[in-house]
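In C-alpha cells below, several structures.
Each of the next two complexes has chain A plus one other chain: chain B in the first, chain C in the second.
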Partner chain A sequence: MASANAWVGQSIKRKEDRRLLVGDGQYLPDIVLPRMVVMGFVRSIYAHAKITAIDTAQAAALPGVRTVLTGADVKHLGSVLSDMSTPNLPGETKRPIFWPLSIDEVKYVGDPLAVVVARDKYTLEDALELVDVEYDPLDIVLDPEHALQPDAPRLYPDWGDNVLYHQHIPAGDPDAAFAQADLVVKERFRCHRTGGQPMETRGCLAMYNPGEGLTLWLTTQRPHIKRHLLAEYLNIPHSQMRVIMPKDMGGAFGTKAPLYREELLACHLAMKLRRPVKWVENRQESLMNVGQGRDQIHELELAVKKDGTIIGLRDRILADCGDARTAIYVGFAMPFLGAMYLINGYDIPNVDIDLTCVVTNKACLTPSRAFGSFAGRFALDRAVELAARALDMDPVEIRLKNAIKTFPHVSAVGVHVDSGDFPGSFAKACAALDYDNFRKEQSEAWQNGRYLGVGFSMGVEISGVPSEVLVPMERQPGFGVATVQFDAHGKVQVAEGDSPHGQGHETTIAQVVADELGLSPEDIYVTYGDTHSGPFAAGTIGSRGASYTLSAAVLAARALRPKMANIAAHLLHIEAGEDDFVFRDGYAILIRDESQRVPIAKIAEVALLSPTELPPGMEAGLEHTSHFEAETAGMHSCNVHAAQVEVFPETGEYKIVRYVAVDDAGQPINPMVVRGQIHGGVAMGIGNACMEEFIYDENGQQLTTTLLDYHIPSSLDLPHIETIEHNVPSPHTPLGSKGKGEGTPGMVPAAVANALEDALQPLGVKITDLPLTPERIWKLIQAAQSKE
Partner chain B sequence: MYPRAIENYFAPTDVAEVLTLLQQHGEQAKLLAGGQSLMPLMKLRLAEPQTIIDLNQVAALDDIREENGRLHIGALARHADVATHPLILQSYPLLADAARNIGDPQIRNRGTIAGSLVHADPSADYPPAVMALDGQLVVAKADGGTRTVALDDFLAGPLMSDIGEDELVTRIEIPVPAARSGGAYAKHSQVAGDFAIISVAAHITLDPSGICQQASIVVGGVMPKPGRAGQAAGLLQGKALDAPLLTQAGEAAAEEVETEDDVRASAAYRSQLIRVTVPEVVRQASTRAGE
Partner chain C sequence: MKRSIGITINGEVYEETVDQRLLLVDFIREVAGLTGTHVGCSVEGRCGACTVVLNGKAVKACLLLAVQADGASVLTIEGLARDDALHPIQDGFWEKHGLQCGFCTPGLLMALYEFLQNPKHSDEEIRTAMSGVICRCTGYVHIVEAVKHAIATVEALSPQERKEWFNE
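Coming up: the complex of A and B.
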C-alpha cells in the first residue's frame, strides 16, 4: 500500500516565507565576488537612427574604468539568433540579424550600443555619461497599422516590409458558417502595451576561469535552457557553461524567460577581462526594455445563431512586436500562442484566424503572464457579450451554450483540453454574486441614477505544455523532472529542474513528497536553480509546477518505496514487499502487524551510512529521478471570473465592488498557495486592464520609464478578491493536480469591461479598447450622450 | 540611478550654523530635508550638488503650535506628523487631508512640509491646501534677516520657487481661522499615493445663519502652479451654499482654471474633474464649518 495522505490539500505556511520576511532572502545583487567589476550600458536616445560616431576615449580614460566596448568590438561574436534560439512555428517567419550591442543603427529608445565596465556603480555611471554618441535620426514607425503601409519606414531594409511573422489558422468551414448565421457580430478591439514588471529587475554575474569555464548567476526562469543557448552562442563546450538562478528572485512574470543581449555581454566580458562581471538593471532600463507585452488589434467577427450558438469566428490579429531582438521568443511566440488559444473555453467549430506580427521602433515584446492571450481573451469575451446583448440573452446563458461541454475536448485549431466543468463554475460564481437578485438591484439602481453592473469571463488556463507541443515549437522538452534523494539522516532532498521564484515549490513539493514517503514537510528540502546540481528541465513557465514538476516528484518518491520496503523487511527479518508496508509518521509499518515498524531514518541510514546492513547484493543509496510526461497533448484548468462594479458617470471613475474568481486547480496541493497565485494574477490583470500602460510619444520616446508614470496598483487600488475553488482533477497527473496562476491575468480585462458596459447600459456605451481608465470611460459616456 | 559624487556633507545642529554654511557654499549646496524629492533628482543626475547640508539634526525645526493668532509649522514637520497632529486635525483638517494623501507611509514619515513647498511640484498635495489657508513662509537669510512671503508668490512655476541660494525656510505660518470655518481637500490620482491629476482645496467661513462669509478654492494638478478659482469662490460669498450654487461654482472653477494635457490626463478631463470635485469639496468644507 502507499502512504497515509496527510499533507496534500492543507494550507500549511510556506517554508520560503521566514527567510523572505526577515530579510534573509538571497538575491542576485547580494552576491559579491572578489575582484568583481560592474557593467552598464549606453542606450539609444533615439527611436531610430544611424550611429555616425561613438567616442569612448573620455570614458575609457576615467580612473576606475576597466573597458568600454561598442558594437564593432562584439561583431565577431556573431548574430544572436540561431535555430536553437528562434521559435520554430508554422507560418512565414523572418529573423532579424543583430548583435549584443547594436552596430551602425539603433531601433528603439533604450537599444544598447556601448557597454562600460568599471570598479563600482558610481564610477560606472560617471563613465556612461562620458561616452559621446552622434546620431543621424531616421524616420520611425510606431503604429502597427502604419508599419504595414508600403511607404512605412523599415526596421530591417532587407526584409522588404515590416512583417516579422504571418500565419493563417483555418478550421472547419467558416464561410459556410457565416452564410448560415442569423447574427454577425463584428468589432475591432484594441489591447494596449502592458505586461509584467517584477519587483526585482534583471541582473547577472558572470565568472570565468579557463579550467572550469563560465559560471553565470542569472535572474532567470529557465537556467538549463539558457545554459545550452549561452554555450552555443559563446562557442564554449556545454561542460564549461554553468548557470545558477540565485536562491531567491523577486518575481519574473515571464520577463525572465527570454535570453537577453545583456547577459551575453556579461559572459563575453568575464571571459575577456578574467574578472567577475556583474550587471543589475535599474528600474528605468527595466521599464524601457522588458515587461512590454499584449499590444494587439483584433478585428473579430462571430457568426451566431438565433439561439446563441456561435458557429463561426473570424479574426484578423495585428500584433506590434517592437524591434523583435530578444532570443527564444523573438516577439512573435506570444501572439502565436494567443492566436492558438483565441477560441479558448468556447467550442467554436469553424474558424479563420489570420495573425500578422509587425516590427516597430519600440522595445521587443517579452512574455507576460497570460502569454500572448490577454488581448484575445478580452476581444472574444467582449464579442460574446455583444452577441448576447444583440440577442437579448443572458451573458451567462450564452457562455454556457458555447462553453466546452464534454472532455477531453480538442478545439477546432487543435488545442487539447483534458477536464473541467464550466456549468459548475458558473453556478458557483452566480451563487456568490446572488446573480438572480442582482438584476433587480441593478434596475432599481438605474432608476435612482446609480450605475451597477456585472461582467463575466471564462477560459481555459494552460497547465503546463507537453513535449508534444514544445519540442516542435521551441526545441525544448515539456516533461517535469525531479530527483528525490534521501540523505544519510532520513531527510529528503528534492532537486528539481525548474527555478521557482514565488510559486512556493519548496512547500508544495515537500507536501507531496512527505505524503508519498510517510514523512513531514519539515523533513523535505527542495533545491533548484543550479544547472550543475539539478536535472535538466525547461524551467518555471506556463503553470507547469503543479502539473508536471510536482508529478515528477511524486513518481520519483513512489519509485523509492519498493527499496525502502525491502530494507525494512530485511531489518525486521521478515519476508515482505512494498504492498505489505504503509509509510506513515516517519515509519515503515507492517500492515498485518503494526507493531512491526522501522523508522524511515533508519532505512536511510542503512542505505547510506551503514550499507553493510543492507540486504545482500542490494546497491547502496536511496534516490530516484523521474521524468513525468502526461499522456495527453494538453492539460488545462477551466475558470470563470466575475466582476461587479459601480460606475460614477460624471468622472468615469468606478469601483470594482466585488471580484469573484472561480478557479480549477484539479487537486490543490496547498490551497493557500493556489489562492496566492490567483490573487497575484487578478491583481496583475486589474493593473494591466485598468491602470498600466507603456506610452510612447510621437518621437518614440517612452514616457513611462519610472513607477511614477507606469502605474502598478497597490493593495489600496484593488478590490477584495474572492476566490472560490471548483476543482476537477486532471485524469493525467498522479494526484489530479493542475498548474495555476500563469493564465490568471487573462481572465480580468473582459470581466471588468463587461461589467462596466453592463452598468452603463442606459447610456449606451460600447467598450472596445483597453486600458479601462476613468478618462476613457468618461469619454465613451460623453460620446454616447452627444450621439443621442 | 547613482548620484554623482558629492564633495562635502554637513549636518549642522542649529539654524545659525545652516545659514553660515549656506553663505560659504552658496550655489554649490543643497539643503537636504526629507530627501524624498532631492534624492530621486540626484539619482537621476538631474541635480548634482557638490555640497549637502543635512537639516535633519537641526533642533526645534519641526514644532507645530499656535502663537499670536497664527499656526506655526516648523519646516521639518513630517507629512505623517501633520496628518496626525491633534491641533491640526481639530482646527485645520484641510491640511491633515492633504498630508494624508501624500505618497505612502515611508514617504510621509520622511518628507517635510517645507521640502514639498520649496520643491513646488504643481501636482503636489500641500501647495493647494496651504494656499487655500493663505499660508506664508518664513525665510531666514544668511545675512541675518528674515522675510515672510505668501505661498501664492513663493511658487513660481513647475519645480520653481522663490528661494535664494542663501536662504532657509524655517516655518510655515497660517492665520488661525475665524469661528465657523472649515476646510477640505480631495485629489484624483491614477493609483493611490500618486501625484494628483486634479486636486481641490477649499476653505470656507460661515456666519451664524449659515451664509458664506469667506471662501477660497485652489486647484492643484494644473500648470504652471496651483490655481485659485477666484470667481468660483466669489460666487459663494454672501450666499447660502445650496446644491445649485455649488454646481455653479464647479462650472465657474472649470471655466476659470486653465488645464493642460499630459501623460496622466487630457485638459478636458481635468476640467471635468474640477467641475465635479469643487462642489464636493466645498460641501465638505461647509459641513465642517458648521460643526
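Coming up: the complex of A and C.
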C-alpha cells in the first residue's frame, strides 16, 4: 500500500536555501585549485574579416603569462561539429566547419581568435591587450532577408548560399482551406533578437592527470551530454572524461545547454599545460556570445470562417541563426521546434509551414527559455487577435472556439498534447480581471481620453520532451532517471542525472520521495551534477524536472517498498507483504494491527549495517534506479495569460497595470516553487518582449554589451504578477505532475501586444513587431494619426 | 604598485599588501576568501550581485578599489547570520521563496540590510530599495513578499535585538 504522508502539495521552505542565504553557495567562480591558471580570449572586433596577422610575442613575453594560442595551434583538434553534436532533423541541413578558435577568418564581433593563459586575471587582462591582430574586413550580411539574396556575402562559401536549414511542414489540405475561407488574415510579424542572459555567466575549470583523465567543472545544464561530446571531440576514452556542474549555478535559461568552443579549449589547455585551467566569462563576452535567441520573421496567413473557426494556416518563417557555430543546437534546433509548436494550443487542421534558417554575421542563436517558440507564439496569437477584430468577435470567444477541446490531442503536425482545460483557464482569467466590467470601464476611459486595454494569450508548454522526440532531434534520450538509495542510518540519497540550478529539485524531489517512503523531506538529500556519481540523463531542460526526473524518483522509491515490507515482516516475525504495510511517520506499520511497526531507520540499518538480520537469502542493500518514460509522445501544460495596460499616447509609454497568469502544473508538488517558476518566466517574457534587445549596428558592431545597454528588467520595471492555478493532472506521470516554467515567457509577448493594441483601438494602431518599446508604440500612433 | 592596507570584514581584520588596482570585490572574494559576494557584470556596477555594506552603507564592491576601503568596516553576506540564527532579511527570503538560483541573493540581502534599518512599507518603496540588484529568476514578486516579512519581524524586535541585528 502507498504511504500516508502528504508532503506533495505543500509549500514547504526550500532545502537549498539555507546555504545560499548565508553565502555558502558553491558556484563555479568560487572553485580554486592549486597551480590553477586562468584563460581569456582575444575576440574579433569585426563582424566579418580575414585575419591577416596575429602578433602574440608581446603578450607571451609578459611575466606571468603561461601560453598564447591562435587558431593555427588548435587546427589539429579538428572541426567542432560531429554527427553526435549536430541535430539530426528532417529537412535539408548544412554543417559549418570550425575550430575552437577561428582560423584565417572571423564571422562576428566577439568571435574568439586567440587564447591567453596567465597566472591571474589581472595579468590576463594586460596580456589580452598586447595581442596585436590585423584584419582585412570583408562584406557583411546582417539581415536574414538580405542573407537569402543571390548577391549576399557568404559566411561559408562552399555552401553556395547562406541557408543553414530548410524544412517544409505540410498537413491536411491548406489550399482547400484557404479556398473555403470567409476571411484571410495575412500579416508579417517580426520578433527581435533577445533571450536568456542568466546572472552568472558561463565558466569552467579543467583539470587533467594521465591516470584519471580530465575533470571539467562546468556551468552546464547537461553534464552527461557534455561529457560524451567532450570525450568524442578530445579523442579520449569516455572513462577518462568527468564533468561536474558545481553544486550551485546562477541560472541558465537555455544558455548553458549547448557545447561551446571555450570549454573545448579549457580541456585542451589543461591537458597541454598539465595545470588546472579556469575560465570565467565576463558580462561583455556573455552579451556578445550567449542568450541571443528568438530573431524570426513570420509571414503568417490564417483561413477563417465567418463564425471564427480557423480552418487553415500558412506561415513562411525566416530565422536568423547568426554564425551557427555552437554544438548540439547549431542555431537551428530552436526554430525547428518553434515551427513544430507554432499551432500550439489551437486546433488548426490544415497547415503549411515553411521554415528557412539562415546564417548571418552575428553570434549564433542559443537556446532561451520558451525554446524556439517565443516568436511563433507572438505571431499566431497576434494573428488570431486580428481575425477577431476583423470579425468583430471577442478575443476570448475566438480563442475558445479554436482551442484544443478534447484530450489527448494530436496536432496537425503531430505534437501530442495529453491534458488541459482551456475553457476553465479562460474562465478564471476573465473572473480575475472582471472582464465584462472591464469593457465598460474601457469605453468610459476612451471617452475621457484614457487608453486602457486587455490582451490574452493561450498556449501549451512543454512538460519535458520524450525520447521519441529528443532522439531524432538531438540524438539524446528524454527519459527521466533517479537512483533512490537508503543509507545505513535510514536517510535517503536521491541521485539524479540532471543539474538543477534554482528549480528547487532538492526540495520537490525530497517531498515526493518522503511521501513514497513514509519519511520527512528532512530525511532525503538530493545529489546531482557529477557524471561520476549520478545516472546518465539528458539534463535540466524543457521543464522536465517535475514531469520526468521527479517521476523517476517516485518510481524508484516505490520499487523499494516490497523489500522494505519483507524486512519489516521478518523483523516482526510475521507473514506479510507490501500490501499489508503502510509507510508513515518514519515507520512501516502493519495495517491490520497498527501496534505492529518497525522504524524505517531500522529497516535500512538491517539492509546495510547488520545484514545478518535480513530474511534468509535476501540481498543486502536498499536502492533502486528507475528510468521514467511517459507512454505518450508529449506531455503539456495548458495556460492562459492576460495583461491589462494603460497607454499614454503622447509618449508611447505604457503601464502593465495587471498581469494574470493562469497555469496548469498538473499536480503541483510545491505550489510556492511553481509560482516562483511562473513569476520568473513572465518576468523574462516581459523583459524580452518589452525592453531587451541585442542590437547590431550597420557594421555588425554589437551595441548592447553591458547590462546598462541590454536592459534586463529591475524590480521597478515589472508589475506585480498574479498567478492562478488551474491544474489538470497529466494521466502519464505517477503523480499527475507536469513541468513548469520553461515555456512561460512565450505566453507574454502576444498578451502584452494584444493589450496595447486593444487600448489603442480608437487610434487604429496595428502591432506587428517586437520589442514593444515606447518609441515603437509612439511611432505607430503617429503613423496612424497621420493617415487620418 | 602595491600598498599595505587593512580592511575589517565581518569583524575580522585583514591586513594585506595588495596591488593598487585590486578591486574591493576581488579582495573580498580572493584575498579574504569570502565567496558569498558575487560578480555578475563586467564591473559596470549594474547587476548588484557584489553589493556589500561598507561603513553602514550599501555599496557595489566592483566599483571600488580595495585601497579605497583601507580602514573601513565591511559587512558581507557571511556576516549577516549570528551563529545558527538567520537575520530577519535572510529568514524572510527563506519563508517567502525570495530566491531561486541564489546568485543575486547576497547582493540583494546586503542592499536590503541598509533599507531595513529604516524600512518603508509601500510596494513601490520596497521595489525602489532593491532596484540596484538584478534578479533574473524570480520576477521580484516573492522578494517583495520576503521584504514585507522581514519588515514585520524587524518591527517586532526589542531595541536590544534590533541593535544586535544591525550593529555591524
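As a convention for this text, the second predicted complex is superposed on the first by the 787 of 788 C-alpha atoms of A that agree within 3 Å, B and C clash if a C-alpha of one lies under 4 Å from a C-alpha of the other, contacts with A are read in each partner's own complex, and residues count from 1 in each chain.
FYI, contacts are C-beta pairs under 8 Å (C-beta built on N, C-alpha and C of every residue); 3 or more make two chains touch, one makes a residue touch a chain.
Keep in mind it's a predicted model, so treat the numbers as computed, not measured.
Applying the stated contact rule after C-alpha superposition, one finds that A:35 touches neither chain B nor chain C.
Of the two partner chains placed around the shared chain by superposition, chain B is the only one that A:773 touches, whereas chain C remains out of contact. In the superposition on chain A, A:188 makes contact with neither chain B nor chain C.
In the superposition on chain A, contact of A:439 is made with neither chain B nor chain C. With both structures placed on the common chain, the touch criterion links A:716 to chain B and to chain C.
Applying the stated contact rule after C-alpha superposition, one finds that A:691 touches chain B and leaves chain C untouched. Residue contacts after overlaying the shared chain place A:238 against neither chain B nor chain C. Contacts of A:306 after superposition: neither chain B nor chain C is touched. Counting the residues of chain A that each partner touches, chain B and chain C differ, and the larger count belongs to C. By the touch criterion stated above, A:122 is placed in contact with chain B and with chain C alike. Looking at chain A, you'll find residues 122, 282-284, 708, 712-714, 716 touch chain B in one structure and chain C in the other. Considering their complex, residues 11, 13-14, 16-18, 20-25, 27, 29-30, 122, 197-201, 248-251, 253, 282-284, 501-504, 672-673, 675-676, 679-684, 706-708, 712-716, 718, 720-721 of chain A touch chain C. Across the complex, chain C meets chain A through its residues 19, 21-22, 29, 34-42, 44, 46-47, 49, 76-78, 80-81, 86, 90, 93-95, 97, 99-106, 109, 123, 127-128, 130-132, 134-144. Chain contact summary for the complex, chain A toward chain B: residues 121-122, 124-126, 129, 282-284, 650-651, 653, 691, 695, 703-704, 708-709, 711-714, 716-717, 773, 775, 778-779. Looking at the complex, you find that chain B touches chain A at residues 1-5, 45, 104, 188, 190-195, 263, 265-266, 269, 272-273, 276.
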